[in-house]
Every structure is written in structure tokens, then in C-alpha cells.
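As C-alpha cells, here come the structures.
In the two assemblies presented below, chain A is common to both, partnered first by chain B and then by chain C.
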Partner chain A sequence: MNKRRGKITSFFKKNAGGWALMLPMVVVLYFMIWRPQVEGFIWSLFKMNAYTPVEFAGLQNYVEVVTEPQFLTVLWNTVQYVLWSLVVGFLPPLFIAMMINEMVHFRNGFKITIYLPTIIPAIVGYLIWYFIYYPDGAGLLNMLLAKVGLGPFQWLNDGKFTILFITISMTWKDLGGAMLLYYAALQGIDPSLYEAAILDGASVMQRIRYVTFPRLSGIMLLCFIRQIIAVFQVMEQPMAMTSGGPNGASTSLGYQLYQYGFVTGRTGQALALGGVMFGILIIFTCFYFVLNKKVEDNT
Partner chain B sequence: MKRFHTKETSILAATDLKSLRYKILYWVLFGILVLIALCSVIPTIWAVLFGFKGSQEIYAVPTTFFPKQFSLISIYDAWQALQFGPNIISTLIVSLGNVAFTLVICGLGGYVLSRLKPKGAKTIFVIVVWTMMMPSHVRMVPLFMEFIDFPVIHVNMMNSYLPLWLMAAANSFNIMLFKNHFDSVSMALVEAARLDGCNNIRIFSSIMVPLSVPIIAFVAITCINGAWSEFFWPYLVLNDVKLQTLPVRIFLLKSKPQIKMNTYMMGLTFACVPPAVLFAIFQKKIMGGINIGGVKG
Partner chain C sequence: MKKMISLASAAAIALGVCAGCGSGAGNSNGKTKLTVGEWPAEQGAELTNKTNQKLGFEQQNPDITIEGDTWIFDVQTFYPKAVAGTLPNLYKAHYTEADKIMKGGYSKDLTEIAKKKGYFDNINPIILDTISKGGKMYAIPEVAYVLGLACNVEMFEKAGLMNADGTPMQPKTWDEVADFAVKIKAATGKPGMAVPTASNVGGWLFTPIAWSYGVDFMEEQPDGKWKATFDTPEAVAALQYIKDLKWKYDVLPSNTLINYEEYFKTFGTEQVGIVISAGDIPRNIHKYEFDNNKLGMLAIPAGPKRHVTLLGGSMFCIANNASDAQVEAALKWLDFTGKTYLLTDDAKKAKDADLAQQIEEGRHIGIKSMQVWKSDSEVVKYEHKLIDDNANADPNHVKLYNEAVNDPSIEIQPEEPVCAQDLYALLDGCIQEVLTNKDADPAKLIAQANESFQKNYLDKQN
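And then the complex of A and B:
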């Protein structure tokens, strides 16, 4: 009996201190992440009155979200955001990092200057671009075009290209982080590998193909998936630059969710849309974890 | 001026650069980088210069890149029109709170996960890793509901900074950063201290903390930057104009017709100053931080 009690006290002694120190973290994570994450799913099955769940409604919120006439448009818009951001923004940071890594002159200067847009507050960056795309003569792009006798163009007000223009500003703002990541990876490649390749008579393309690329492919794939996940949730950019317009042409799923949840008072649909987005993205998230483990094991 | 023969071998080697073909290639790449660097800074410079334009210059044809004259009066006028004082103080309070909450909560958490490992810590760690990449939109509305009526204590947290501080602390990435850091601290030091009779808290405060100054600084800087940059949640939570952080105020002023475009641009400039100063001081730390969490992130 006494022995067992001693065991319990020693178990308690061993663990209580750790738990006490960890408790604030667990509490905060519970209330800020885990609880709302689970509640989001539960309440998406309820009829909501503003911010109070009223009664169980099954999949009704989901049905309402998916059968909404603009749902497919919004989904396609979101896919367009992802596609354009990959076209405009996936390879440039890699190429820029590779070029900087080859420089003898101003290497640090280039690195810092190209990183600069990352440090200005996100919303300020988007608002600056809102004015760059300003549809009258005061906007920077129309001013430049006027100098060569063109324009003025409508830019963000032209629904066909709004998403492309928004992704350009996103790329401008976020390229620095990925660039540094690739740069660090490039710096980690042992120069003797290149020297060996050069002795073997490898051309520049061959050196990139057989020395550089194999050492970057893991990070590239991780960045690729991370970008898909991040851009699929795009919300603040259309909010700041276009309010989802013109005519809903730049409304993303995230922005639609914000509209449902905090503007038009359709909380139930907001929750259901969150569930839909989760369902789509969790596939990528799982893939990311599997891949991340592989890449970590290789490095 | 550095010479080509000092080049470390990467894709191009010093020997390559002796030939004309590669010299041309090098300078073409150099030119491309100059162009990219210009594209990176011109938008911001344009916005700053726009702030100095007089109000009759905004729509003058043809519009120009540079304002006709620089006067400090335009800064003063914009400051008078925008009344950012309370918002700057509010953003400062948010940044300090973010730092305090994050360092204490994530720092201790990372320490326990890395060193003390009580029973159950492994499970917690797995969940922390998984929540890092969870799609977050599904928890937006429930989180807002919590802030209106916080569970257990039933407090309305709207128009207070508490939600922002708590959310800053619930950052799995920072927890991982601390954990990885504490993992790298030599075990021998800890054992020696334990033999000398240090308890866990002593070990944490007199060995771990001094060794962690670089990572503490990095996390603190990103927290402060977050407060000057975060927009969405402060926008939802802080409705009182005086409590709003600068990014929120800036966003709301966009739809106010009485603020002219040049004044507004000066406002955007004001909002860039604190992060820019922070970057100027801690540039090495901020850009080096990528290596801390980067690949493993």
C-alpha cells in the first residue's frame, strides 16, 4: 500500500511541474485553436441565429452554401488565385535566389532590397497597390502608360484580369521570404560538388540539372504545397483592394466566408463554407506532412 | 571593387568568368537583378513621394512621379488630418502584449516539450505540429463567438486587446521554434546544474534564458512586426476608433472621401515607419531568422 502511494507521489512529482509550466500553452491553444476548430464543424450542422446555435439542422447549411448560384464562380475564382499565384510567383523567388547566389557584387544589397516589400505591413502593401492600379491618371501604372501615350486602363476594375493583378501584388509583397529560404538552401550546397562537376566538364545547364536542382527539389515541393494552401485561403487582399468586385469577379471563398459570417449575418453558411474549405485543403495538408518528413529525413 | 577571381564556386566558377561569354552572362544577370530590385522599391517610394504632393498636384495633367517641392508642412498637415496618435499608442500596447504573452507562454511550452517531457507531452506535441498547418477559416466564426462570450468565465472581450494577445500566444510555429532551440542546448550543462541542486525553474531562468537571447530576440521582433501588420482580427475585435491599431485605422480611412489621396499616402508612409525602423536595426536578425525555422518549418 505504502509502496504504491510512493509510486503515485513520485509519478505526480515527476509530471506535475512540467504540466504546470505547460498549462498556459495548452489552455491558450485549446481556446484559440483546438476548441474553435472542432466547434466550427459541430455548429456548421446547426441552424444559427446570429452567433448562437439554435437547433440541429443536419447538412442544411452545406446544401445552402453549395447550391448558392455564385458558389461555383467563387470556387473557380479561388482556383484562379492559386493558379495565377503559382504562375506569377512560384519560380521567381527561386530564380532570384540563384542569381543573387552567383553575384560577386552587391550580393547583400540585392538581398536586402528585394526583401524590403516583405517588411511593410501587409495591408499597407495592398493599399499601395490599390493606388498603383488606380483607374484614373493619378495611379502609377496609368501615369507611366500616359507617358508613352497609352491608357488610361481600368486595371482592377476590369473583371477579366482583377485576380491576376491582385496576385501580382501578392507576389511583390511575399516573394522575399521564399527567396531567402531558397538562398539559404543554395548557400548550403558544398562548392566542391560544383568543382567536381566542372572538372567533369559539365556545362552550366548540366550543373543546374545535376548539382543544384536535386538539392532544392524537396524545398521547392514544400513551398509549392504551402503556397497552394496559403493562397487558397486568400481573403484580406480582395477585402483591401476590390471588396470582392467588380461584380464579384475577385471574390474568393475566404472573402465569401467573411461576408457570410460578419457582414450579411449568415453565420451558419459561414461555418459550412469553412467546413468545405477545410475538406478541400486537408488533402494538401496531409500531403505536406508526409513530404515534410521525407525532406527532413533527407537533409 | 571585388574581382571575379574571388568568387566562391557555385553554378558559375571563377574560371568560367574569365571567358567573355560568361562575363556577358554575368552582367546580364546583374542587370536583371537591378531591375527586380527597382521593382521592389519603386511602389513604396512612389507612395511616399505622393504623400508630399500638394492637393492641386494630384490630378494635374500630366501627373509626375516627383512632387514639385518637398515641405515638412505636408507631414504636419497629414498628421493633423489623420489623428493617428491614439492608434499608434494602441498598436504599441498590442505589440508589447504580444511579446509578453508569446515569450512566456510559447517559451515555457517549448521548454517543457523539449526538456521536462511530462507524461502526455508527446501527444500535445503531435497536436501542436498538426495544428500548425490546419486550414484556419473553419475556426473564424467560433473564435469570434468566443470573444463575444468567452467560455467558462463568460466575459465579453470585444474592444479589448486580450483576444489579440491570446491569439498571438497561440502560435504553434513559435512553440516549435522554442522547442527546436531548447533541443539544441547541451544536456551536460543542465545535468551539471541539476547536480548543483538547481530546480527546473532555476535551470530555466539561469541557464536556458541566457542561452536563448537570440531566439527570444527573433520571436520578439516578429511579434512586434505582427502587431503593426495584422489587420483582420483587430478589425473584427476593436470597434472603438481610439483603440484601433494602425493597420485597421488605415483600412477604414480608405472609404472616407474627406481624406485626400496625398494625405492618405502620407498615412500609409506613417504606418511603414515603425516596421522599417525595426528592420533597419535588426536587419541581420530578421533575415537570418529564416534559417532558424525555415526548412524545418
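And then the complex of A and C:
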């Protein structure tokens, strides 16, 4: 026993510097990530009175969350956010990065301009789009369309397209980050490969197909998974732009969780829905780490 | 190594569970420290006023120190703070949250001290019901208001809806409101009225309309369980009324996603003629520099079955971890700042200062809200005189509302007693559907909402 304790003490003594370096991060991780997650999961198994666990309820909160009639609608809405974001938002940053990479003049100017929306405070960005989409003549889009005799359109008020329009605003806000990632990757491609391809008579499309894409496929795959993970948690956008409406048409799992937790005071269900989202996202996260390792091994 | 880290993490988590307990005793240097919520955060008339009050109070009560806390009640932060014991000793909350606060035990039982100080016997009985549970009183009421109609007087004038005596015409029924809105739209080109639809505000303001159509949203059974009771022709008719405002009368704004802020912005920026609102509307629209002389207030109209309005307001609560000395100090502070029925010289000064501050901010003065203290009390008479003496707009514009507040023929009903926010959320959905879908069937929507309310909320409550 003493021998073992000695080993432990010497282990800590030997690595004292390392432990000291780690300590601030461990403290931050503990308070910001580990403790909330562990407690959140434990409390999701309890009947809650506001933020106080009252009695053990097993999986009751989970059952209540997934059997509510709107759960499937909200889940499908969330999937739609992800799908639309992949349709609308996955390729544009790549194409923009490729265009900037080919530019001779004003390259930095374009980069900064395209990155600008990313540094605008999120809520401001979404409110700008709220007014762009405003459904009467005061909305920017309706104003422009009125010049050519069209509209007014309902935009966010039209439940069939609300998610698509929110996704467009999300893409505008966030594509700068992905664009920079792709741009950095493009900059890392050896120019001699393009020169060799040109000498072999490859067209622009063939150069993209046979030189660019193979070298970007890893980062594209990572961005793809990261986008799914990020968009699956969408919350602020429907909250700021539509309050989840019309009639729940843009309510996402994240916004529903917010409603449970902070509006209707159903903390147990909020924690359980958080658990459900965690379960879904952990699959994508594991996938992401496996891919990330493969990409890193290949580079 | 991994085992070590796991052990360390587990220990840290276990220790952390024990952390964060307890709060300050509120006693420093032999003085009682009282933290007061909703302290103004920005420089301006309000902060100057509060600071002066604090200095005057501390001079009179050298054993008490007042410390301002800028936290303002909102549901998002209230419960975490309540559980963590970090609420200000004295905080304000809305009546809408009274039931949850009392049930959760987040407010001190003030019954004994309230009886001793005479509050209990002087509170307006309707308000006493809202802040009491099981015969015990858990808050001191601050303000109360009832819903009416706010109107833009200029638009009313253009639409020919003013009486010869300078009062806006009073629509007697909801159908008349629709007629008025049609006339306003014809005269001004702007939507005649707006209804909120989002963030539970739509459902909240729909309830008094539905009550007036004869709807009872829920009923307590003899066994104490609750039953949803609004799958009725009356509720369908009330929702059909909202639908007609859009598709038959065409008097609503194009935007059908209207939350609280958007609702008052629409009115405050003179985009609509009529909104349903309480008498506290000046605080919601003065930031849009709404011309006070254009603000009119009217009584809520009657429905086919009842003439009823909704009670709202705010109250002062004392956090449950406050010491007896802090409770005593909090009530002294409320007396000093003129928030109780006691009309002392200090209270008069405080009321004068509050009013001066509102005038400086450009708010409308002239609306006499419902009183939280009995109508024959000195404090009520003093407040009314202050308003009359300092009215900064034509008093005729709000005369009909001021009269309606004390009209016994208009019933005053507090919010729905159980799962009110969940009900509002469901009703928001119904309203949004009838306003965005011309073919929406109100009967089907009401039936679905009733079923969902029973199954997903009341059954779980029961």
C-alpha cells in the first residue's frame, strides 16, 4: 500500500511542472464542460423543481420529450436546417476560396470583405436579415422586388420556406470561416502540380478535378461533419428571427430546449432533450475525430 | 495515467457538487446590508433619483446599507439565481410568475410582518389573491394594470373616430374594433390594428378575448386534477375572429411573427391604429419618441358572453435567504420609497421624484392604472392628484380607460392558474396558423391545442 502511495507521489512529483501547466485548463474544463455535462445528465433522470432535483424519475423526462407530438416535427425541422445548410452553405465557401486563390489583384480586400459578416455580433447579423426579409413594403427584398413589379412576398412568414431563408442568413454570416480554411488549404497545394497539369494540356475543370479536389477532400470532409454538428445545434437564429414560427415551422431542437429550460420552466425535459441531442451529436463527433485522424495521417 | 486523471476528475466533480452553497449573511460592520434589484445601470434621471433615495434612506437609517443590484427579473436568469441563492434580497417580479415563485419557495412568507405593518388589510383584495397562497402572503404589490385598447389618436381623428368631447370613440364589442380598424386603414393606408403572435405574447393576449367569448380554458376537478376545457364553439369563434382580422377585414400588418418588442414597436412607430395593451404602455413606447398627445387609451371591449379584462402587474419579493433584519430593512425601504400604502413625507418625496423622472424621460403622464392599495387610501388619492396635476397630454384621450379601471361592470380576471406559459405557446401556434394559412380550420386547431394541452401539460401537472 505504502509502495503504491509512494509511486503515486513520485508520479505527481516527477510531473509537477506538467500538472501545474495543466491546472488552469483542467479547472476551466471542469467548471465549463465536465461538471455541467455530468450533472446535466444526472439531473435529466430526476423530476426537477426549477433547478433543484426533487426525486429520481428514471427515463421519465426522456419519454416525455420524445413522445410529445411536436418532437418529430422539431427533429425534422432540425434535419432540414442541416440539409439546407449543406445545399446552400457547403460549397459556396469552397468556390469563393478558389476564386480568391486565382485572383491577382485585391485578393486581401475580397478576403476581408467576405470575412466581415463573421465578425458582426451574431444577433445583429440575424436582425439585419430579419429586416431584409420583412414581409411588407418595408422589407429590403420586397422593396427591391417591387421595383420590378414583383411581390410583396412573405419570406420568413411562409412556413414552407422559413428554414431555407434562415439558412441563407446563416450561410452569409458563417461562410467566412470555412472560406479561410479552404483558402489556406489551397495555398498549401504545390504550384508545380498545376504547372505540370497545364503542360499536360489539362483544362481548368480538369485541374480542379485532378489536382485541387484530391488535395482538399480531407478538409472538405471535416468541414462537412463540422457543419452538420454546428447546424444541428441551431438556436439563436430561429429565436431572433421567427421565435420558432410560424406555428413551429422553424423550431429546432436547440430552440425547443431553450423553451423548455427558460420559458416554460420544464428543466427536466430541457436536460433530457439536451441528452438526446448529445447522443445524436456524439455519433457525428466520433466520426469527426476518426476522420480527422485519417486526414492528419495522410498529410 | 488515465486512471489518475479519471480519479482526479471524479474527485473534482464530487467536490464541485458540494460547492456553491450559502450566501452572505448581509451583515457588515454591524450594519444590515440590503441588496435591491433592478437598480438602474446607466447614468441618467433614474440612477440619480435612486442614488438620492439611497442617501436619504441611509441617513435616516444609519444601521442599514443599501446596495444596488442591476439584475432585472427575467425567467431565463431568475431560476438559476434563485437556486444558487444569489438573488438580490429585494427583487421585483411579474404577477405572471407569482405562482411559480411561491410554489418554489423563492420568496419569503411576509404574512406576519405584513399584518403587523398594516399592509395586509390595505391591499386591494383582487391583488391579494394573486400574491397569496394558502392564506399566506409572499410579496408586496408594486403596480397593477388591466388590459384595454391603446389607440393612435391622430389616426382616430383621420378615420372620424373621435367624439365631440375630445375622447376617442369606444368600441363596445370586438366586432366594432374590427370596424374601427377597417376605417383607420381606409383613412390612413396603415393597418388598423395589430395582434401579437409570438413568444407566448399572442396566447397571453388572446386569453381575455377568448374569455369574453365565453371560453374557460381549464377546470379543476373535485379530485384536484386539471382538465382542459376549451375545445368549444366559443374558443373556435374567438380564433375565427383573429382569422377574420387578417383574411376578412384585412386590417393586420403583413408581418405575422410579432413578439412583445415588435408589437410595441409597431404601435410606437405609428404603424398601426389600435393594439390591446395595459395602462403601462408609456414605458413600452416612449423610447420610440411617440408623441404623448397621440396616445389614447380605451376600455377593453365586450365579447358575446362576457365583458372581462386581464389583470397584470409587478410585485416586490424578498429572497428566501434574507435574514429577519433584511426583511425589516426591505420593508422600511419600500415605505421610504413610497411603494406601500403608508403616505409619509418621505414617501411623498419619493413619489414626486419618480414622477419627475418619468416626465424627464418623456413618458406620457395621465393614465391611472389599477391601484394595488384600497381605493380609499391616502396614497391612492395622492397618486391620482399627482397625475392630474402633471398630465402632459390631453386627459380626454385616456379618460375612458381611467374610468373603465374602476368600472365594476368589467370583470377583472387574473391569468390562467396552471401551465399558463404552455397554454400561451399552444395558442401562439394557433394564431400564427390562422394568420399565415387562409385555409386553416380554427375548429381543428382548437381541438388539437386542447388535446395537446391536456396530454402534454395538464396530465403531467396532475
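Miscellaneous remarks
Keep in mind that, in the parts below, the second predicted complex is superposed on the first by the 278 of 299 C-alpha atoms of A that agree within 3 Å, B and C clash if a C-alpha of one lies under 4 Å from a C-alpha of the other, contacts with A are read in each partner's own complex, and residues count from 1 in each chain.
One rule holds in what follows: contacts are C-beta pairs under 8 Å (C-beta built on N, C-alpha and C of every residue); 3 or more make two chains touch, one makes a residue touch a chain.
Bear in mind the structure is a predicted one, so any value in this text is a computation, not a measurement.
With chain A as the common reference, the superposed partners chain B and chain C clash.
The wider contact with chain A, measured as residues touched, comes from B rather than the other of chain B and chain C. Looking at the shared chain after the overlay, A:34 reaches both chain B and chain C. In the superposed pair of complexes, A:51 makes contact with chain B and with chain C alike. By the touch criterion stated above, A:159 is placed in contact with chain C alone, chain B being left untouched.
In the superposed model, A:259 lies in contact with chain C only, and not with chain B. With both structures placed on the common chain, the touch criterion links A:68 to chain C but leaves chain B unconnected.
Note on the superposed arrangement: chain C collides with the chain B stretch 146-154, while the other options among 146-154, 164-172, 200-208 or 272-280 stay free of clashes. Residues 11, 26, 31, 34-35, 39, 51, 136, 262, 267 of chain A touch chain B in one complex and chain C in the other.
Only residues 4, 8-9, 12-13, 16-17, 75-76, 79-80, 82-83, 100, 103-104, 197-200, 253-257, 259, 419, 421-422, 425, 428-430, 432-433, 435-437, 452, 456, 460 of chain C touch chain A when the two sit together in their complex.
Those residues of chain A that touch chain C in the complex are listed here as 8, 11, 26, 30-31, 34-35, 38-39, 49-52, 64, 68-69, 134-136, 152, 154, 156-159, 242-248, 259, 262-265, 267.
Against chain B, in their complex, chain A makes its touches with residues 11, 14-19, 21-22, 24-26, 28-29, 31-37, 39-41, 43-44, 51, 96, 98-105, 109-117, 119-124, 127-132, 136-138, 140, 143, 146-147, 172, 177, 180-181, 184-186, 189, 191, 194-195, 198, 204, 207-208, 211-212, 219, 229, 233, 235-236, 239-240, 253-254, 257-258, 261-262, 267, 270-271, 273-275, 277-278, 281-282, 285, 288-289, 295-296, 299.
Chain B contributes residues 1-4, 6-13, 15-16, 26, 29-30, 32-33, 36-37, 39-41, 43-44, 46-47, 50, 58-59, 61-65, 104-106, 108-109, 111-113, 116-121, 124, 127-128, 130-131, 133-146, 148, 150-151, 166-167, 169-170, 172, 175, 200, 204, 225, 228-229, 231-232, 236, 246-247, 250-251, 254, 261, 265, 268, 271-272, 275-276, 278-279, 283, 286-287, 290-291, 294-296 to its touches with chain A in the complex.
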